[in-house]
Amino acid sequence: MLDIDVSATFTAEGADRFRVAADLSVADGETLVVLGPSGSGKSLLLETVAGFHDHEGRVALAGRDLTDRPPEERGLGFVFQDYALFPHMSVRENVAFGGNYHDARDPDDLLAEFGVADLADRYPPTLSGGESQRVALARALAVRPDAFLLDEPLSALDVPTRQTLRELLADVLADQTAMYVTHNRTTARAVADRVAVIRDGEIVQTGSPEAVFERPDTPFVARFTGANCLELDGGALAVPDGRLRFDGAGASEATAESATHLAVRPEHVELDPADPDFAAPVERVVREDGRNRIALDVAGQRLDAYADADIAELPASGRSDGDASAAHDSVGVALPRDRVTTLSDR
Amino acid sequence: VGGESSGQETTTDGESETTTGIGNATEASEDAPTPTADSATVFHAGSLAPPFSAAEPEFEEKYGVTVNREAKGSVASTKKITTQGRSADVLGVSDFRLIRDMVVPEYGSWYAVFATNAMSLQYREDSPGADEIGPDNWWEILSRDGVKVGHSDPAVDPGGYRAVMAVQLGKEKLDGQRLYDRQTYDRIRDNMTVPTGTETKLEGQLKAGKLDYALYYRSIASQSGLPHVDLQPHVDLSKLNRKYAQHYEKATVTAGGNEYVGAPIAYGITVPSVAEAPVRGAQWVEYMITDPGRRILKNKGLIPKTPAVVTKDGDVPARVAKHAEAKTSVGPLEL
Amino acid sequence: MSTDTETRGEAGRRSDDASASRRATDSPAESLGDRIGAGTTVLAVVSVQLVAFAAALAVGYPGAYAGFAVLSAAAIAARRNRGAFGVLAAALGTVLLVALGLPLLMMVARQDPGLVAETAADPAVQQALYLSVYAPLLAAVASVALGVPLALVLARGFPGQQLVESLVDLPLVVPHSVAGLAILFGFGEGGAFGGVEFTVPVIEFTFKFTVLQTMLGMVLAMTFVSAPFAVNAAREAFESVPTRVEWAARTLGANRFETFRRVTAPLAWRGVLTGGVLAWARAVSEFGAVAIVAYSVEFFYLPEGESLSAQHAPVFIYNTYLSSGLQRSGAVATLLLALSALIFLLVRTVAYDDGGWP
Amino acid sequence: MSTDTETRGEAGRRSDDASASRRATDSPAESLGDRIGAGTTVLAVVSVQLVAFAAALAVGYPGAYAGFAVLSAAAIAARRNRGAFGVLAAALGTVLLVALGLPLLMMVARQDPGLVAETAADPAVQQALYLSVYAPLLAAVASVALGVPLALVLARGFPGQQLVESLVDLPLVVPHSVAGLAILFGFGEGGAFGGVEFTVPVIEFTFKFTVLQTMLGMVLAMTFVSAPFAVNAAREAFESVPTRVEWAARTLGANRFETFRRVTAPLAWRGVLTGGVLAWARAVSEFGAVAIVAYSVEFFYLPEGESLSAQHAPVFIYNTYLSSGLQRSGAVATLLLALSALIFLLVRTVAYDDGGWP
Amino acid sequence: MLDIDVSATFTAEGADRFRVAADLSVADGETLVVLGPSGSGKSLLLETVAGFHDHEGRVALAGRDLTDRPPEERGLGFVFQDYALFPHMSVRENVAFGGNYHDARDPDDLLAEFGVADLADRYPPTLSGGESQRVALARALAVRPDAFLLDEPLSALDVPTRQTLRELLADVLADQTAMYVTHNRTTARAVADRVAVIRDGEIVQTGSPEAVFERPDTPFVARFTGANCLELDGGALAVPDGRLRFDGAGASEATAESATHLAVRPEHVELDPADPDFAAPVERVVREDGRNRIALDVAGQRLDAYADADIAELPASGRSDGDASAAHDSVGVALPRDRVTTLSDR
């Protein structure tokens, strides 16, 4: 159990003061994913927990109060966003570093596990971003810390390597206490037991991945987790051919009156269904891995949906040629009531 | 012995037997407690460096002692003792008056005048007028336009005010004769510059071509390898007798807030009272005022005073006293 | 509640260059602490130290103050939560501070304030001090103006660079009086350029290259002994400018010179300034070489609006020592010290604080 | 076919710290060029320069060589494709090189090789040179040993830091003879610690703190004038170590000291070494302060295995000049120069080339 | 038309020499995406084209030979992987920098377009990664270069921002000549007119996105573009209940005999079809954005497929709880012959 209740303020010339505050706890063996836009304070939060910044409040791990302990006695493994490898040590020496202070794992085994065994004698300044990141991960894992703080540990990897490492990491973290910072939703869903969304230094929602992704609390969370977030007008959604009401829709906590937005994930938007709620013109079709993301224009608001269909089979003429030329054909749309959440903008 | 003692020619005096009444007991008691002092420290003026460095190995050989010499300007060497709290076994300076005025009585009670020097004019083969210059026309060449004559700083170095005095004396009459007139003097003065504090740097500046002529001691000039003109006693401040002393008095130099009156060059040496090995110091002084030392002084362009003169008062070590005459003045100069 | 804090990280963590990160640390702990509080603390610490020093001096054991200083530094480090290693570092560092500061402090403490004031009013002293700020400034400017291109070339690297670097460092080991002679021989009448005359045609102004007893010579001597510091500091500064940032300027259309002017130089200027200050300081202290090349020089004395002749302060101080004794020369030295300390503080606080770029 | 090349980028582009990037530049253009070719080029350039200098000297216009050097530097820069700005930088940089190197070169050229050889064989000269390598080494070690903790504290930052930084720089402006007096009065008989005795109980060894004419005093005087360079260089080096890399060490279990030992120090050591070399060089050149505090000292002379008394080379050169004239003292100075140049080259090539870490 | 035919070698202590060689041309208005694993030389290639490294060969833009021109005269806009912002200039000054040398766009307009207008007076050292990247993009666009070199310009962005910017960039690049380095396949497909795959400093395949993604030339390209790549044994695939032959399958260029691998994209693998080729146990189910990635075990080799179905409706019991616990139920699989490519491992 990693208990965190901290707040810290940061100042720099030319910038406003930036304040990070969090009251979180991470259960034993749980991976808490911290999701948030860039500049929301994710890195600062992790660094504060690790003991590198003055702060108020307290940090405790498994009941042990860490607040007054120096970083080296906190037992927290940290993977830095910019790797922070020791440039004067070979890759193997980097991974073996912690061995002097802990009962550590064999560096060569770890490097092999991360697919960088052949870099063991190289020095970090000549590694590429992805290579560096794997070494940084191996280095943090080597000392078997009590809990992990991971700051975008996979961001610099190419996709196949990231996939491999994401699974490796999911295995490693399966029964580990960890805070894992990422912007990547796929990664978030793959490793998260619980998700915390941070905005401007403040935690705005925590919950299971399901809860956060499917039932966002605020329009911000909805947007950030990749859901469509459409503005309501007096509790109703303006669609091309009228207005739709969503009274009591989904797991909404907002009453119809106070609701200002509705959220629905693109994968739940049904295209060309038997019983469409309305029809909307297709704005843009973007080919993503193995499917198409269709952007629809709903009375001036944007609604994304996925179409599995192959490009040629699309109802509209949009083609994934990366071209901005919009395809204006309309397509029928249904918004399944149990997938829609209504929100009030606080 | 009064202040009126005779002005002798420096080199011709033969009386060396004058031993003033300083008890042998002193000598014995001084020698006895420091038989183990195996090193001696000598502070001395830069112009004494050549003879003292030549004397050092012979002296060390003779007495089985290590000599540490520290050369510095005369004033600076004196001040090391008076203001820096340093101790030395010998202090040798280019003007005994430094010892008279600054060292006695607090840091010493006696001193010896043991040598004189002369001012001379050094130049390079390619200095302007170098092919014409000689003892009889040096002033004419020095007064030419654009000739640079360097000397050290009168404010901080005896060599400096002595150079100025030498030039002043040329326009003064001695026996009704003068070397040059006031205009020539003024022109020479205009050509004179002070490129350094102490005379030790002049030679390098001359060689580097930044000076055409340098006015400094004959002891330096004769050692440097460059040609030089020996100035006539009229101006060279070398004559330690009454007649010349009175002539030299006509020159006065004001510098650094002090007024210096012309006088014969008279080197002083002493064993300061703060000496740690006073016997070694006395041995050095004795060495310098006896034959081996005199020979070296002469070799290095200095003019040994024979015999040396010591003060009448003060604890003159016996080994020194027995080679020197005790006086209260040398020529016109009060000791 | 405060944890183990590395103040450096708070403000400088994102800096992509060393100097940005350095400056950011100038307001340590202030992010959480109180800016005014910090100022008061500094004042309090300084006062306590001064009182302790005065007390130690009064009872005749100035050495005891050293112990006090070291202990108090350690105590402050401990209070600021720097860990055992931090406390040790503070204590050891203070030993050096005492070794550097105590002699100066005792020298200053020895002075008679009345005499210092009287000396300060002496026009000759004022002229010497003026010259000793001014000529070193010219030397520092020359060192920087010529040293920066050299540093740039060195930072870029070329084969045989070690040779050139060693040559640059060589003046550092040359004994000061030898340096003076070397300059006389190198640039004097018989040396290179000695007596060379340039005539500017239109205004019929003839410039004769003479080093002895001229401002040119003084500045040359000072440059000789101080330029290596400027070059080394500037080289380090240029080397710490990230290559990719310079590249970015190139791709945006800036040529080499423009890139230097708008990117490299602004990023390196603090290092260059540090080098200039070091060079200036080194030139201020120079006695040997100046005494040979330019014992006293004619220069234009702005306060009186006329040309006059004076000596560089170290030469002046030495001469005062010889002619007027320790007390008076000590007073001049104290004035020089105070002036320099003031200039250092000014440079460090005013020039280094340019706002904006953290 | 070569394009507009910024050699610096080739090897150092990924370095996350300045010093790594700096070192990487030591093998410029070699990635594509031929390593042996580079060596030959260096030799060729050096030879041409020497021949040109000899020729200029022979015809009596050493000044002409300066022009040649500047032009040839510009030509080399042009050939190496450095653009107009690069050519200008090379030319201006060479002006400074000439100003620094020409006086020394001419001084060396003036020497009579026979006399130099004879001087080199003189045991007194050997002792002075030995002392002048050895005592500055002690001073540099002291400066670094105490300066590194101070630099570390300064690099971390604290309120009132400018005061301490100015204090550290103050010895730089103190005229050398004043520095000597300050030390004499600060640590001499009447000052702090003067005459204090420490007795090591078991071996009954009593150490008396005396500065006058002792090795301790000489080293103290040298440390006083040279420590600021060591502190400043070390501070810059520590400031350029990326904070996050130090943090990484902490999270892996290293405490402050271990982090310093295994991360900060190895990353900063080149800067610290540079500072040490500067301090050493500065100490070698010191005349004024040493002449006052320790004109000649007793020390253990290893080659003969016995204690003897000698003078620091600048003092020795001064004395030689006074007693034996310019020629002979020039020969000693030349030997000192050659020895120092050798040491610089050694440090730069051997110590800075530690293989592995680029 | 950007013609590139360069080769350059890089050395560093402790590293082997690294050699980059490429013979490419980018047509006017075309965006060439350079895809490759980390450490494959993408950045070095771009930097060489921009004129920062010694190289052999030549670079020409629209017939103009750039080889001997300095970088500032090449007219190439460069977005650096690590942003390379000017730390001493405000964000606005950064963007306005090129205005001194070119007729440039208004910095404030650009910043607004990239959603960072409020940072205009901040200084780069306090920006977060994503903020920096947007400023770097705006800065490069400001000078309207003749062609763009973009080195992972979106890597540090959070997903919603990346989506927005990806589209913005796709619009900007629509009629621009550009080389675009990325590891991100989604981005690659969104912006690419053509794709070049680089490996160990060498271009191993170029072609349209379709060609590269659907018909990889080599197992390396197949794996790197995210296709399943299974080893064949004598031209046949070992499956749990026998062997499958793919004679003449898809657009294969390898004959059945010489084929050593087969490639098929996960989105083309059919699960639970009417007519399965074989059944395979499910190894792992990973929840990705709106769908599940199912990892199957095909006689010891791994085969990925997508299942749209919601977690609860999965045929297997695997749940996306980030847990490594495998679900061993089998599922029927079909490999559509026209989607399979056979390859020979060169």
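Every chain is named by a letter (A, B, C, D and E) in the order it is written, and numbering of its residues begins at 1.
The working rule: a contact is a pair of C-beta atoms (placed from the backbone, for glycine too) under 8 Å apart; a residue touches a chain by one contact, two chains touch by 3 or more.
No experiment lies behind these values; they were computed from the predicted model shown.
Student: Over the chains that touch one another, what is the least number of steps taking chain B to chain E?
Tutor: Each step joins two touching chains, and the minimum needed here is 2.
Student: Can you tell me which chain pair comes out on top for contact count?
Tutor: So the pair of chains linked by the most contacts is C-D.
Student: Which chain's mean C-alpha position is the greatest distance from chain A's?
Tutor: Chain B.
Student: Which integer distance in Å separates the CA centroid of chain B from that of chain C?
Tutor: Computed value for the inter-centroid distance: 42 Å.
Student: Chain A to chain E: how many Å between their CA centres?
Tutor: It comes to 20 Å between the two C-alpha centres.
Student: Which whole number of Å gives the spacing of the CA centres of chain D and chain E?
Tutor: 51
Student: Which parts of chain B, given as residue numbers and ranges, touch two or more other chains?
Tutor: Counting only residues that touch two or more other chains, chain B contributes 204, 207.
Student: Name the residues of chain D that each touch 2 or more other chains.
Tutor: 6-7, 9, 12-13, 21, 24, 29-30, 83, 181, 244, 247, 255-256, 318, 321, 326, 356-358
Student: Can you list the residues of chain A that touch 2 or more other chains?
Tutor: Within chain A, the residues that touch at least two other chains are 12-15, 47, 51-52, 70-71, 90, 123, 125-128.
Student: Write out the stretch or stretches of chain B touching chain C in their complex.
Tutor: Those in contact with chain C are residues 73, 75-76, 79, 83, 153, 155-156, 193-197, 201, 204-205, 207-211, 256-258.
Student: Applying the document's contact rule, which stretches of chain E touch chain A when the two form their complex?
Tutor: Residue list for chain E touching chain A: 12-15, 31, 36-40, 43, 81, 90, 121-123, 125-131, 155-162, 166-167, 170-171, 173-174, 183-186, 189-193, 209, 223-224, 226, 265-268, 284, 286-291, 306, 308, 320-324.
Student: Applying the document's contact rule, which stretches of chain A touch chain D when the two form their complex?
Tutor: Residues of chain A touching chain D: 47, 50-52, 70-72, 74, 76-78, 80, 82, 84-90, 97-98, 100-102, 123-128, 139-140, 142-143, 145.
Student: Give the list of chain D residues in touch with chain B in this complex.
Tutor: For chain D paired with chain B, touching residues are 181, 184, 188-190, 212, 291-292, 295-296, 309, 318-319, 321-327.
Student: Show me the residue ranges of chain B that touch chain D in the complex, using the header's touch definition.
Tutor: Chain B reaches chain D through residues 39, 46, 49-50, 52-54, 66, 68-72, 84-86, 200, 203-204, 207, 223-225.
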